[in-house]
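Look for chain A in each of the two complexes below; its partner is chain B in the first and chain C in the second.
After this line comes the complex of A and B, so read on.
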């Protein structure tokens, strides 16, 4: 399971503050800890609360530079503005890279898809249409198919795409976890070669003991075929579960990563 | 140069890296040639198969056995190394035949009748192959008659019997009696293993050795050869 560390995100207050103050130390220390904990990719989101577009781009540029000064891990450039993504791509060094994210909304899909295609980057595409988040599997998969048709036209292949099946709180609608799991299976079946990725925490919104729900959901999603998760790698129990799930879904040859994590004392048993 | 490549084969074997794509125990050797590539390279450079076996594969697997016994290695670590050793032996086999270096001996391994456990037996097969024996895996739930027949027709020198259940371990006694009756006593040495059996049971039924795991099977056959 590809682990995308979610921590460098301006929706977190301390991170937003570090970005505003251009506090390199805070960011680099956090990134180093994420890397040690086993994050494969680092998601970077510089936030959208900056007053001008130019400032948003500058914040992203600073953040990418700061993260890359301390870590060789590839990044996930997280923004819904093409200009901000472009700013990040300008100074990005390294071959692997994921852009997060697009939806079935055609014009943004073409613009950002074009940026990804030009940089040989992979793309996270939400199973979401112009009218919002469908509450059922069928429409979500239709959105994915539609996205893929557009991406084919600009030269991208299913292997370049991570589809996000979308996660809605089970506290509001108890069928939603199953809708997400079914969507993972349907995407893998209907778009062979495409991968799936999702953030977990929305599933437990509004419930007590959220981490328990998140962990259980990750195990179930792994069984459904989830390829990547956007999560907090510093959450030892969650990371341990991801390592164990890789063993149980045949994704960890000779159980190497699991045993290594065990030897390094990183597993919560 | 020669010693350097021998050293590399041994190191990769201990790391359990069969080929270039394989991840090792740790990440230090990732992306570099594995046991298969290095063994081929060594042969090209004129290193003798005998040297590869005695200086890289045998000591490498011995080191793996020690690490497994001490609890440092787990079953998948050991299996990865054993499979790498087996792959190297496959590459070396035609060269050994050319050089008329005989295999260390003919071995057959079977899980006895009515017992369908195969994990332990499979580990023993892989390890013995890695140690340079010619191994026939007779499978699971193998009847006494079939075992005797195979020992006779294949010229088996060492027979490993596995049983995990107390209800099936008595088949081992049956096999030994049937081998005696077929006139194979002394021609084939019988080793037993599996959760149900013990040294005491081996003594009781007249087996030549009891083996607690695959590495003990290697050392037990080695000891029987000396006799």
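After this line comes the complex of A and C, so read on.
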């Protein structure tokens, strides 16, 4: 399971504050802790509340530079705006890179797909069309197929794409957890080579004990074939379940990483 | 998820001791704690180390009587010997009852199936043939079909049976966790109405942090459709994942039991 650390995100108040103040120390310390905890990629979102496009781009540029000053982990460039993604790509150093995210909405898909393709970056694509989030597996997979058809035209392959099966709160519709798990299986079956990734926290919206629901869902999703998760690597209980899931799904060959994490005292036994 | 408490089992030293000493206090206190923690059924195994068959039967009779003196929870009568099961049934009071366990081995299946049928008891049937534990889903499901064909002849229906998909250590063969999960799905598809149940601990044999592996596997099995688990209800982390799994699989309607457990402070958040 690829662990994408979600913490460097301006929707978190203290991160937004650090970006505004250009507080390198706060960001680099957080990144170091995420790395130690086992993040494979660092998601980087500089926020959308800056007054001008130029300022958004500057914030993203500063954030990418700051994270890369302390960590060799590859980044996930997370923005709705093509201009901000482009700004990040300009200064990004390193080979591996993921862009987060696109949907089946064609013009944006072509623009951002083009940026990804030009940089040999991988792409996170939500199983979402122009009309919003379908409540069923069938339409979600159709959106993925549609996205893949467009990406083929600009030279991308399924191996370059992480599809997000979409996660909706069970407090609103209790069938949604199983729909997401079905969608993971269906994507992996119908688009061979493509990978799947998702954030977890939406599943528990409106419920108490959200972290417990989130990590239980992670174990279920791992068994359905989930390749990557966007989560807080500092959540030891969550990370422990991710490591155990890798043992059970055969992704952690000979249980080596699990045993190492155990010896290092990193697991919530 | 039906929770079958595994603690009243003479393979546990202190339980064996309590049976030998006819220590009612030890057993009733343990049963009360299991009940408070959320056990739906209490598995009762009086052990096989008693010198004579008569003593085995007496031990089981005492144990069933002692457990039922303090708890209204239904029991799972757990023994290899038909005579011991019969002794338990003789003094058992209550409507619901499960007998644990049979395999595809025909003569024993007919004897114990007959006992179950005569008492309207349900049966736990291991997906195991005369030649041992198959390493693949196909043969396990064939064993289940064979068992069901025999049980039909004595008037039992799929609704009367909990099939155990069999759990083998991933430390020996890392593919085994996914084989078990596949077997759960296959049984539920091929024998409609039948339920599935399993113990968890075998999965983690030979690994460190066994409880972590066990509870991660429980979440995965719940998503595959597992109906019941034989586990230690006093393991709060395990029970928390079971409750969360019921929310995510839609078995806990409106999340009512989850919310109640949360309010009662029973969840490991």
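Here is the rule we use: the second predicted complex is superposed on the first by the 269 of 269 C-alpha atoms of A that agree within 3 Å, B and C clash if a C-alpha of one lies under 4 Å from a C-alpha of the other, contacts with A are read in each partner's own complex, and residues count from 1 in each chain.
Keep this in mind: a contact is a pair of C-beta atoms (placed from the backbone, for glycine too) under 8 Å apart; a residue touches a chain by one contact, two chains touch by 3 or more.
Nothing here was measured: the structure is a model prediction, and the numbers come from that model.
After overlaying the two complexes on the shared chain, residue contacts for A:224 are found with chain C alone; chain B is out of touch.
When the two complexes are overlaid on their common chain A, residue A:259 makes contact with chain B and with chain C alike.
Touch criterion met: A:181 reaches chain C, while chain B stays clear of it. Look at A:154: by the touch rule set out above, it reaches neither chain B nor chain C. Of the two partners chain B and chain C, more residues of chain A are touched by C.
When the two complexes are overlaid on their common chain A, residue A:91 makes contact with neither chain B nor chain C. Of the two partner chains placed by superposition, only chain C is touched by A:212; chain B is not. Overlap of the chain B and chain C contact sets on chain A: residues 253-255, 259. Chain C meets chain A in the complex at residues 170-171, 174-175, 177-178, 181, 203, 207-209, 211-213, 216-217, 219-220, 222-224, 240-241, 244-245, 247-250, 253-255, 258-259, 262, 267-269.
Those residues of chain A whose C-beta lies close enough to touch chain B in the complex are 253-257, 259-260.
The touching residues of chain B, when paired with chain A in their complex, are 16, 22-27, 74, 76-77, 79-80.
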